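Letters A, B, C, D and E mark the chains in the order given here, with residues in each chain numbered from 1 onward.
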Amino acid sequence: MSDNQVMEKEPSNFTLIFSMVLAGLISGVAIIGVYNATLEAILANKAHDLQQAVFRVLPGVSKMQKLRFEHDKLNIVTDTLADENVIYAGYDSAGKLIGYAIPNEGPGFQDTISLLYGYMPDKRKMVGNEILDSRETPGLGDKIFKDLDFVANFKDLSVDPTIVAVKKGKKAKPNEIDAITGATISSKAVVRIMNLARERWEKRLPPPGGEPELKAN
Amino acid sequence: MKQKELDGYQEFMKGLWKENPTFVQVLGMCPTLAVTNSAINAVVMAVATFFVLVGSSFLVSALQRWIPSQVRISLYVIIIATFVTLADYSLLATLPAVHKQLGAFIPLIVVNCIILGRAEAFASRYPVKYAVLDAAGMGAGFFLSLTMLGTVREILGTGTLFDIPLFGKGFEPWVTMILPPGGFITLGLLLLLSNWVTKKRAEFLKQVAAAQQEGL
Amino acid sequence: MSLLSSLFQHSFSHGVHPEGYKEATVDLPIQRVPFVSRYLMPLGQHIGVPARPVVKVGQQLRRGQMIAEPGGFMSTALHSPVTGKVVDIGPHRHQDGSFKLAIEIEADPYATQRMEPQPPKDWEAMPMAEFVSEVQRAGIVGMGGAAFPAHVKYSIPDTQHIDEVLVNGAECEPYLTNDHRLMMERPEALIRGTEILMRKLGARRATIGVEDNKPDAIALLRGLLGGTAIEVASLPMKYPQGAEKMLIKAVYDREVPAGQLPRDLGILVNNVGTVVAIADWFDRGIPLIERVVTVSGPGAAYPANLIVPLGTPVREVLRFCGGLKEETREVVMGGPMMGAPTASLDVPVLKGTSGILAFTEAETRTGTEYPCIRCGRCLEACPYFLNPSRFARLAKARLFEEAKGFHLMDCVECGSCTFACPSNIPIVQLIRTAKNNLRSRKP
Amino acid sequence: MRSKDPKLLLQPAPILRQGMTTPTAMRDVLLALMPALAAGAWFFGLGALLVVAASIAGALAIEWAFTPPERRAQAIGDNSALLTGLLLGMTLPPALPMWMAFIGGMTAIGLGKIIWGGLGTNLFNPALLGRAFLLGTFPIAMTTWTDPGAAFFHIPSSVLAWPFQSPVYDAVAGATPLGLMKFEYKGSDFLNLLIGNTGGSLGETSGLLLILGGLYLWWRRDLDWRIPAAIILAAVLFSGILYAVNPGKFPGPLFTLFAGGFWLGTLFMATDPVTSPLTPRGAWIFGLGIGFLVVLIRVFGGFPEGMMYAILLMNAATPLIDRYTQPRVFGRGREGKAP
Amino acid sequence: MENLVWIFISTLLINNFVLSYFLGLCPFLGVSGRLETSFRLGMATSFVLVVTAISVWFLNTYVLIYAPYLRLISFIVVIASTVQFIEMAIKKLSPALFKALGIYLPLITTNCAILGLAVFATSRNYGFLEGLAFALGAGAGFTLALVLMAGIREEIEKTGDIPDLVRGTAMNLLVAGSLSLAFMGFAGLFSAG
């Protein structure tokens, strides 16, 4: 340490442990303090973002409910954890179920793409899609959320039997989308992630017209 | 305390150029390259690092009497990690969009060698005033280089600066610049430039000295 | 022809195919160079310890008289090439430019220079040790260029036995035809020498390896050797076939392990000229006082194959055959691949001088050295499967120790890599520098 | 006989050299590329030649600017920058803006050669490094193809785009055989693949003429035949296995060989002596690696064409390959020990 | 399973820790001068990465759901003590291995690849096996990048002809940039299926 403290005597183990514990305590207090101070804002931010996303992919929705598929049925949950068994149910102002916002993620061109799409079981149609996170090539792969033409593909898209990406301008069937020229892989990755989610939720969701039996836990 | 004569101004200025953490000491490369794909990210990262650097240097310097040397590194790390957590949560609460961009790299400030390096090499030996000035200088130097890198990469990579378009609609962006290879290459070229400037400066000073000799 | 033969004939791997350039001298019979007035006999004409003078300044000499005795086991005797007298024993310019001790002899202008015929020696009755010392006293060395004392090769430890005598008639160096002419003109002496060696060493067989660009020599020898234990092996043309270990690989398809000698495989290799010298000594009592030298190259006015008394200045040899052309820029002693350039024409012909070659600007290629582009041609040329390109780069960076780790010391400096290099990099020179540096580092 | 001794040189042996020199080797490669370049010009018109010219200009400009004046004559004179520029140009889309090609040429020489210390010192193929930079930098322009067969003197407006401005394409974008295969599982007419009457980079389409050039180089001994042999072997084997598994989805070996930049890469880029292993065994490993990676990237990767990346990746591994494939020294065992 | 494979491949090649995420750059630029050293450092780092991934999973599953704010502090403490513990264990179990790896272990503590792995694994909600695949891929990718870099550097620093102005970090960064460009070729690997 300082040059002049040559004859410093060896501190005892107690001193060492004490200083560590003290430091731990102080830092713990500081961290918990700032955590508590910011928690509300952070949670609010997150909830707001999520809600906005759900509202965007499910037009006409004004209320949402987070559900998790556990023990072979859908349960209402309020935690902030997200995993592949989570789904968001969207209701209109009258409280009628409009559809589900389904998140999923999977490999993209560069890194994992995570997205949220709106699905209306009655029509068996996809009504909106939002890319939550991706690292696709700027200017090319990032057209999966920047190219309005591509995004518009998902506004009214049949999911039967599966979604298929075709070369731009070749879209002919209701279950087809126009891929992005030059970013075919990214387009296909989006479709693939959606199809996987659709398969996963096909049997979990109540039949068209039915509302999920909900049980608060 | 017997100490080398310190000049606060010098301690601050050395971090800007002579001992610039990026260009001269080549420390903290990870955030330097990872978050400089846009100027705003670079600025936020640099500000967060500045905050952690100055805060931890202040604490380390202030507490130097009470820190047993045997456990000092662990204590420094705890201090730094605390500041980083503070910065992390504050950012998350106030600028969620930017925080999402920087993602995992904010926590990685903990292992930025500049901070631990300054704590160990400077803050733990000198009075608070100089420790803070030194840290601020280093932080400012880091800020400078990060911003420089972020600016170059954003301008070339997207044709914008702080999201403001600079060149009009027809500009063809240079996408690599905001991708990883662009990071490496831009920093490599900037280092090259800094080497060149240093060399030219040395040559110039030599010439001046020679001219003075001649004059005498 | 050569493509077909290379398919059916054994040879070593890698190596290069330089143009032969032998047409100029191949059909020229060996001529004797007249005696000149002064001769210079350096004491170190062979590998090993220099010889020790046994004559004094002013002393009269007969042609063939011993003038220096072996300075040790790794040394051999010198004999006066002429009748005359010693005029100086002192430092004289050597062909590498340095000064080395030499005996200067002034020829007696009135002497006949005839040598009295001697009765054949009874080599068969000699014990082996005496045979070896006879060879040493005759001053016989490897005549292919290396000048390695011949008797050392014949000193076989009791634990070993020579099964095969291999006579090196490959003459793979371009331009040189001295061995070729020797085989054509003195086949009996060659066969006689081979027989002497076979019998003394107890070898079962002998083989004369000749490259197939000398079909006349092969036919002649085969005709004379029918029914004997001596065979002639026809080898495809390739450089450096005349290197001992490459020749063994080509003839027997056996590899001499690094750090070992041919005798470890029971093989003795001698050059054609050496074998003829053996025959001359034991049958006629003539020590090594002259040798066959090819004078050739684009700069030589009249190329020739000559018998030259040792010690004759190169200038005199050249004068005899018309001198140098105006455009000559470089004179090489030995072959164009491994020979050494000489700075002065006053240096003498030595025991190892197989050729005097004059080159013009066009061959010397003083042109630009380009950067190494790692084309790998040197690797494909190196008969030792070394990586010359790496050696050159390491030598340039002065990382000699590291080069040693890649077996730098195994290199025999045959020059194939440098021949093959399209970038004109002096690879062999760099390798030589590295090797010398490593050797001088040893305590 | 001359009266005075000549002033003798002391240049050490060997005096003799084989006839080939580095500049002639470069010239041979330039010559060997000419037929394919001519085919490119025939199919894609004058614009294609302008793109190549811009790339060469960029390469020469940066070589000239960053070489010390005393070495300039030799550095330009050894034809290597010219060759790099030409090779890069031939891998570019025929309607690429000239300014991009110019930047590509500059990057190729600047990043690929100058910083390493000039000819012979670089470890990545400069032309391909330049192309990789261009593909990463201008991904759209670098993957916008034109179909062959336009009038010769028609220069696409995109070629003449202002520097730093996005190109505007005046024809409907075409597709390459590889793109068709990758994204639509469609094959292409083999004869057209052979002669080069397909979309693609302007100098890579004519497999036949490129093979002709390769044979010329092989005949001139400028080419290490092991590398192409190994690439072809690995590519045919790997794609053959995949084709056998699912012919509907995966392209067959013949398509693999004749689509895209296979021949340009195999014969002219991978064989670049500077960036490929020196040792014969190394050359085999290098080639097998490229062949495998090409098929891997083409079939399973994100890009339709993988030649460039395959070569660059193996370039990166070249020092390691060279290090572990030192030939067995004569008279020694594999480990280098004398027995 | 398919997911695990993709995580591994992605971390190894497509999103290589060093060449794409810029993690572990300090050793990448600093310790890549010699091939042998690099390989050993890579191995040691891979080992620590795997141990860290396991510890982080335990922390995330059993501790941090109750006290998320301790995330960073607990990670850094766990990493530091893991490295310390491994050091002691190796010293005791295999002195030879310790001799080979010993000096690198302290370096690993400040290697941001380790903390990066912990942070990324957490923010991506990786399960136990996923975390393991992630760590293996990261370790292999780090080793691969380091070894390639070391091979190149040994070649060019010993016998190369790098201009003085570029020699050093600038050159290393430019080489890394070139490597990174080459690794872009792996983008999209196995993702379109």
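Note that in this section a residue touches a chain if its C-beta (ideal position, glycine included) is under 8 Å from a C-beta of that chain, and two chains touch if they have at least 3 such contacts.
Model, not experiment: these values are computed from the prediction.
Engineer: Which chains sit in contact with both members of the pair subunit A and subunit C?
Structural biologist: Where subunit A and subunit C share a partner, that partner set is D, E.
Engineer: From the centre of subunit C, which chain's CA centre is farthest?
Structural biologist: So the farthest one, by centre of C-alpha atoms, is A.
Engineer: If I count C-beta pairs in contact for every pair of chains, which pair wins?
Structural biologist: Among the chain pairs, C-D has the highest number of C-beta contacts.
Engineer: Of the chains present, which has its C-alpha mean closest to the combined C-alpha mean?
Structural biologist: D
Engineer: Can you compute the centre-to-centre distance for subunit A and subunit D, using the mean CA position of each chain? Integer Å is fine.
Structural biologist: 44
Engineer: State, to the nearest whole Å, the distance from the C-alpha centre of subunit D to the C-alpha centre of subunit E.
Structural biologist: 33
Engineer: Between subunit C and subunit D, what's the gap in Å when you average each chain's C-alpha atoms?
Structural biologist: Taking the mean C-alpha position of each chain, the two centres sit 48 Å apart.
Engineer: Counting only residues that touch at least two other chains, what does the list for subunit E look like?
Structural biologist: 69, 73, 161, 166, 171, 174, 177-178, 181, 184, 187-188, 190-192
Engineer: Would you mind listing the residues of subunit C that make contact with two or more other chains?
Structural biologist: In subunit C, the residues touching two or more other chains are 371, 390.
Engineer: Which positions in subunit A touch two or more other chains at once?
Structural biologist: In subunit A, the residues touching two or more other chains are 27, 31, 35, 109, 137, 139-140, 184-185.
Engineer: Pairwise, which chains touch?
Structural biologist: A-B, A-D, A-E, B-D, B-E, C-D, C-E, D-E
Engineer: So in the complex, the part of subunit C that touches subunit E is made up of which residues?
Structural biologist: That would be residues 371, 390, 393-394, 396-397, 399, 402 of subunit C.
Engineer: Under the stated contact criterion, what part of subunit A meets subunit D in this complex?
Structural biologist: 109, 137, 139-140, 167, 179, 181-182, 184-185
Engineer: If you look only at subunit E, which of its residues touch subunit D in the complex?
Structural biologist: 35, 147-148, 151-152, 154-156, 160-163, 166, 171, 174-175, 177-179, 181-192
Engineer: Any idea which subunit B residues touch subunit E in the complex?
Structural biologist: 26-27, 29-30, 33-34, 74, 77-78, 81-82, 84-85, 88-89, 103-104, 107-108, 110-113, 116, 176, 179-185, 187-189, 191-192, 195-196, 199
Engineer: Okay, in this complex, where on subunit C does subunit D touch?
Structural biologist: 16, 18-19, 97, 174, 245, 249, 255-260, 301, 315, 319, 322-326, 328-332, 334-345, 357, 359, 363-368, 370-377, 379-380, 383-387, 389-390, 406-407, 410, 415-416, 418-424, 426, 428-429, 432
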